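Naming follows writing order (A, B, C, D, E, F, G and H), and every chain is counted from residue 1.
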Amino acid sequence: MGDETAKKTRKKTPQESLQEESTDVPVDPLRKEASEGAKPSRAKKDYDIAIFMGWCKGCGICAAFCPRQCIEMDEDGSPVVTQPDRCTGCGFCEIHCPDFAISVRARRKKAVGDDD
Amino acid sequence: MGDETAKKTRKKTPQESLQEESTDVPVDPLRKEASEGAKPSRAKKDYDIAIFMGWCKGCGICAAFCPRQCIEMDEDGSPVVTQPDRCTGCGFCEIHCPDFAISVRARRKKAVGDDD
Amino acid sequence: MNEQATTGRQVLLQGNEAMVEGALAAGCTFFAGYPITPATEISEVMSVKLPAVGGTFVQMEDEIASMGAIIGASLAGAKSMTATSGPGFSLMQENLGFACVAEVPCVVVNVMRGGPSTGLPTNVSQADVMQARWGTHGDHPIIVLAVSTTKECFDITVKAFNLAEKYRTPVIILSDEVVGHTREKISLPHPGEIEVIDRIRPNMPPEWYVPYEDNSRGVPPMGIFGDGYRYHVTGLVHDVRGFPTQRPDEIVPFLNRIHRKISQHFFDILMVDEELTEDAEILVVAYGSVARSARRAVREARERGVKAGMMQLITLWPFPRQILEPYLSRVKAVLVPELNMGQVSREVKRINQGATRVETINRIDGNLITPEEILVRLIKM
Amino acid sequence: MNEQATTGRQVLLQGNEAMVEGALAAGCTFFAGYPITPATEISEVMSVKLPAVGGTFVQMEDEIASMGAIIGASLAGAKSMTATSGPGFSLMQENLGFACVAEVPCVVVNVMRGGPSTGLPTNVSQADVMQARWGTHGDHPIIVLAVSTTKECFDITVKAFNLAEKYRTPVIILSDEVVGHTREKISLPHPGEIEVIDRIRPNMPPEWYVPYEDNSRGVPPMGIFGDGYRYHVTGLVHDVRGFPTQRPDEIVPFLNRIHRKISQHFFDILMVDEELTEDAEILVVAYGSVARSARRAVREARERGVKAGMMQLITLWPFPRQILEPYLSRVKAVLVPELNMGQVSREVKRINQGATRVETINRIDGNLITPEEILVRLIKM
Amino acid sequence: MAEVTKLIHKYLRHDKKFPHVWCPGCGNGIVLGSLIRAIDKLGYEKDDVVLVSGIGCSGRLPVYVDFNTLHTTHGRALTFATGVKLANPNLHVIVIMGDGDATAIGGNHFIHAARRNLNLTAIIINNNIYGMTGGQYSPTTPYGALATTAMYRHIEHAFSIAELAVTAGAAMVARGTVYHANMLDKLIEKAIVKRGFSVVEVVSNCHTQYGRRNKLGGAVEMLRWQKDHAVRVEKTAEMGEEELADRFTIGVLVDRDLPIYTEEYKKIREAARAKMAAAR
Amino acid sequence: MAEVTKLIHKYLRHDKKFPHVWCPGCGNGIVLGSLIRAIDKLGYEKDDVVLVSGIGCSGRLPVYVDFNTLHTTHGRALTFATGVKLANPNLHVIVIMGDGDATAIGGNHFIHAARRNLNLTAIIINNNIYGMTGGQYSPTTPYGALATTAMYRHIEHAFSIAELAVTAGAAMVARGTVYHANMLDKLIEKAIVKRGFSVVEVVSNCHTQYGRRNKLGGAVEMLRWQKDHAVRVEKTAEMGEEELADRFTIGVLVDRDLPIYTEEYKKIREAARAKMAAAR
Amino acid sequence: MGYRYEVRLSGSGGQGIIMAGIILAEAAGVHDGKYVCQTQSYGPEARGGASKAEVVISDEEIDYPKAIKPDLLLAMNQKSCDAYFFDLKPEGTLVVDSTFVKQIPTTRAIALPFTQLARAELKKEMVANIVALGALATLTKVVSLASLEAAVLGRVPPGTEELNRKALETGINAAKLYMQGH
Amino acid sequence: MGYRYEVRLSGSGGQGIIMAGIILAEAAGVHDGKYVCQTQSYGPEARGGASKAEVVISDEEIDYPKAIKPDLLLAMNQKSCDAYFFDLKPEGTLVVDSTFVKQIPTTRAIALPFTQLARAELKKEMVANIVALGALATLTKVVSLASLEAAVLGRVPPGTEELNRKALETGINAAKLYMQGH
């Protein structure tokens, strides 16, 4: 399924990069201490962004609000992961997808002996 | 009917005369100017206090709250006008009787020529 | 089905929309409602059209409030209406009883959907026929009419207002999901072509007005708030002046009168549409959307030599016993197809008293009975 | 009237109070209500007694809420009840339909007073019999029982809970102002003397539980919230798992099952009390407070040589056709005295199908029919 | 003060059996008096006044007075009144309700009427109990009190009727008492002339069902209690928290101008007419 | 953030046909996610959670999730929930309602549930419209907006759901948005653990029936609007009237401790037992 | 059909008529072990106005619960005496409170001043109903005095037992005096 | 019985099926002066899912309002083609949108790419329904083209008249081409 999701690249408009800064989602006002600790680190890490097209209804929320513009809507109105590398794993797309159609997961690097 | 209402005299208890001062009814908070002008004058004036026994249910409100103790409850539980002379025509009894059974009226003095 | 008039404006309308046109033609100036599938379009179209004719639409907080509001509006002189479906109709029952006992003309539309409870909101049903008669507590008189086409949605709505005004009573129109949502071309008659009846108002001096006094029609003239005939309106059983009473000699004449005013005028109130009944051996009794299937089936049966006849009930309550009874002793059998478990058929059996055979087709799966289902049965009968 | 047991505690109770005792004896632990004459005492006594046995009483904001609350409580495992009179009963209709369709056991008491609308709040009536059957929209199954004495208020309330639990259905008890307010000496049976039935609970592993699956009884075992059998409860028509459906092949079996579960057990559900019926030439069919007058009249008629018989209906719905029918072809006439314009008599006529003569006495002035009225008629018949 | 009773009698329905049904000393009679005086003061024609009530002891009020009177179903008075007013905005529509009637079964209609801001006047006789059915607790029965359905003690919290009206959007909200009957005349008068939805909560006494059971005495004692515990809203500014703790305010609590429904609806009619004309 | 969807899937009813019935981008799905995460965080057993809803698009929410679920009648969810909770106070009872469901037909149950202070959690998905029936105005539709029953413009004033809850007596009242979904998780979690009646008003989007007609765009634009117009309640102190004019607050608005009904009722049971014992 | 004795108690609201009916029914039913039915009628509201309570006593189950032709009528005021006297069985007993009933419709009536007795001897007009019950039981033997006392004490508010016991006695004595004088 | 022609239009929610049904009915009824009945079916909710609209056209009053055996079936997607094809009258006409219907159940079907045409020629997928209507009218003469155009222009949102007129034309031309090719 993940294959289907990453078939296009996209252009970034200036206006969209503006949004990047202003997103306020990951901050938890109720438990500030806790969430501050959990802030996604800027250290490079890889994520798998899987979109389950069977449930996705193409609303565009993931694409519009991804602070890193990883996702774009194609001309059929379907979301496509265009820049998976930029993903910070912030989870916005995952918790805002009304159809539980996105899953973002830290990529598992095969390590020696890690073969179960 | 008025006859029925004035057949007893009453004793005034100290506690009741206290009440006399504290009643706050005739003051109209919404139109203070107006009501201040209409304050019952201390000048002596006579009133007829009529109680319509057909409607009176003997609740005792008139007797309990008359600031001048003009009315008293008899032992059958009926109100009796005992001291009509003290009445200032304040109207408390009239507007508080839940049964519209009291009417207080300035006594009409027969004047010369006033015979219609 | 009456001949389609061709003089008026030709339009394509849903049944629900045609009801609005009918109501406006009858002089309705007040509508209070609460949305519910499949009746919502009535509210929506009313909200657009009523203000344009100087009337008032209001969406209330629920159906109880809607029913209360149309009674209040009627007492203040408006011809008033509400529309709902099963769940909302259940909620209206208490205030509907008030309208009966206080004799307040108004029109209540129930576009039936599948029940009970939330049931099948977007499917057709005819399972509220008994509720329309017995839904509120206490013995009460009521008029209930059923519609089967867009044209009837117009015509019968006009009739409903007329009957409500004439007899000072709530009139219920039972429509259903198929009738409400089907679009048909109809000709809207010109205003002059429609008979519109208004409530009779008192004309004696106000001091002489006795608001609930009996007369030969059983329908006292109705004062409206503000017109100088002040009186008391209550849901308590009341005397001729409108004041609450517990005296048997006042209760009985009152309750009898409000029933009599309907029952004695049955020839005016009972409406059916007959086709091929004269020589029928099998009588199909149907109403609402099913009457359409039945009519087709009857025609096809005739083509195949089965002597079927079609009796479409427009008035459901009071039950058209006087019209139906003569047939019962004459026909070989009666067939009652309905979208319920047997409600009108129950009444047919009640009045039948063993005279003929009564069969039923009961479909409860949310779909309309097809002509074929009826035809197959007619051929077998 | 059954023989009065003499073993238990002797007490003087109003019918309304005896209902509370009956409910507690049947295991009722939850009551939600809203006061209304003449049912208020049921709430009041419940509010005093329920907390003492660890149960819960709550006065809700209205009757709609009361009906909602008892359904919720039942789903969470309580035997629950509410009590009202006509106006409140009208308001309960929507949620009553929910209980029917979601198959939630509960008991609803309607202590009938004069209607329609506010009507005659402190007078007796029996005019809600048809409403009890047809008050909510959509075809729905229901059990309705009627009581005539304080003792029956106790006994039939126990029965009502038992039937509700056994068949997963709301059971309505129709009492009336006379029965509710009359004080009688009765013996309260000891707990051991009373049969108490509880709903059948699922015992398969939760994964296998199919909450609305049919079985020979037509009554699926009932999971309760919190017991590990999680499932979905809805007022929409649903499939065997409880999920909403619009598929005809799921709708029809479901609706048929909820009707069948009542109709196929009619011998368990139908209750009447017969006296002198074996050789009766005139059968008096009565229920509620009127049954008391009728019973006296029948006895007096016998003393005067009139072969009258007494058939007291305890189950009103489903209508005890199976019990009544055999008599109809046997007796010279049936007399149905009622405090309404003819509701049970309507049913008697429906099943009669011309077999015998059906006469009625209908009193609607707010007072009980006297034995004399009935006797006079019996002698004339 | 003379002629007050005469004035009242001008409005009473004498063909209705007096004395009225209420218990001796019941505040309902006092409210009826205030209402009549207020309307008389305004000089309205009887024909132009519609008095609507629900069910309860308070609900019996309209039957005694010679206006267009409408005694509806329990809790629904405001819905009927809404219909009356919308059908004929020239009528002065006044709605009398009990605390149970207005805030138990009728609570929803109450908040929605306030929100909708029709030009109606709602007078709520708050006696803290269901009087007519015999003393069951109402939404305004105080925490800890006794009632026939709270024989151990009441564990629910009471609504403030006035606050509810304010939050829901009423244009004017006032509170009075039957003891302060003169003031009540004025509050009712002001509420009636107010353009928009106006509410007068009247603190009243049901000694029969509430006072006795809660050892608050009879009518006299309960009126005295009102006298001792009511504080004019103008005076509250000067008073400390503690002083106010056990007391309640009377007077006009809120008075604000909001667009009223019938005026707004006139504009809708114009818009509709314009649109229909354009379509033709 | 990983595993979030996996977590969600643990709770979804896969035998129920997915994707769900809601329109593309409908906030209901986001609320469902928040609710599941909040409950998961609390570690409650599925068996101990009861999810109750009324009728509306929002009312379809419980069918998708594997708790004890109860889809009641329109407006009545809180009454059913009251029965559930009173019959078994150990259950965590959460009620989902739409704005129409909770404050139009269900307004009375809402204010009474708040007053009664049972330990229930009410989540109200406020999309300012009747979604399911096709876009008629609700009690929260803004003045001036368009709706299928207000095609000229809406002339009624909107309720503030949160304020109504506060006035009626709720123990905790919060407001969130579907845009601020992380915060919503926390608000719901806090509301569930709160002892007493807690309310979370969720500002959501019905672009299909409300957004489009009012030129507010689709789901994306409406979420963006939420982002731009919501202000954390903690920040409002620093802000001027003007700055706040066009905005709404989110966060915990009220949190207070009041005696809760089931605890109080335990005392009633003791009193009743003592009295009965004494009578014997 | 078996023995059936019908009692109607009547007066105005506030005279304790209903309570008297309940006590009488409890005495006859629970304490004397008879079958018993007690009913009452309401005015337009549950409060005020005229008051009427009926008790039917029998040795078998009671069908019709109301009085058909009372055997015993107690009238505590004039209005109820006028209203109900003609319902009385020809051979029935009429007992009136002579404090309020001044026009007695039959010479066979038993007139005793219950209210005056209550006022004078017990200083509580309130217990006139209990005085009347004591007299009724003594005059007609409809219930045993022991049962009546037990029923009274079971129903009255705690703290008023002594007062009510005395009230009963007052009624019993008045009736005895009357019977002796007869 | 008279002439009765039944049309079923089907597809998925969002393809404008219902609107197409209404326009067809209006063209036949109001403009062509026939009797006409238009119905539709709803999913569990008023939104989304499959969509079906039927139009019955007759020269006399129409009794049963739904299609019994359609004379003409338009299937705008595969699912509806599969679901409804077998209801079609033996001699009935099947028209499919070949953009979405890939498996055609009969060789007699008329396959035209309505959606592709709308996208390509009109840049608005939305008007595929109008393209289809133009083709249907041309292929079957169920309504006159003049009536259809009048009906379309009466129902579409103001400002889109030109677009819709073009869409109609596109459909008409496609059908003509098809018929020539046939």
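The working rule: a residue touches a chain if its C-beta (ideal position, glycine included) is under 8 Å from a C-beta of that chain, and two chains touch if they have at least 3 such contacts.
Here the structure is a predicted model, which means the values were calculated and not measured.
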item	value
Number of steps on the shortest touching-chain route linking chain C and chain F	1
Between the pairs A-F and D-F, the one where more C-beta pairs touch	D-F
Whole-Å separation of chain centres (CA-atom averages), chain A against chain D	60
Rounded Å distance, chain C centre to chain E centre (Cα mean)	38
Computed distance of Cα centres, chain E from chain D, in Å	39
Contacts with two or more other chains, residues of chain C listed in rising order	37, 48, 51, 61-62, 64, 87, 94, 98, 117-118, 122-123, 234-236, 244, 246
Multi-chain contact sites of chain F, meaning residues that touch two or more partners	23, 71, 73, 104-105, 107-108, 112, 132-134, 139, 152, 265, 268, 271-272, 275
Touching two or more other chains - residues of chain B	none
Residues on chain E engaged by chain B in the complex (per definition of touch)	1-6, 8-9, 12, 18-20, 22-30, 33-34, 37, 178-183, 185-187, 190, 218-220, 223-224, 227, 232, 234, 251-252
Residues of chain A touching chain F in the complex	24-31, 35, 40, 54-61, 64-65, 89-91, 94-106
Interfacial residue positions of chain F with respect to chain D in the complex	13, 15-16, 46-48, 50, 52, 62-63, 66-73, 76, 78-88, 90-91, 108-109, 112, 265, 268-269, 271-273, 275-276
Chain C - residues contacting chain F, complex	34-37, 40, 43-44, 47-48, 51, 57, 59, 61-63, 87, 117-118
Residues of chain C that touch chain H when the two form their complex	1, 4, 10-12, 37, 122-123, 178, 181-185, 289, 292-293, 295-296, 299-300, 303, 368, 370-372
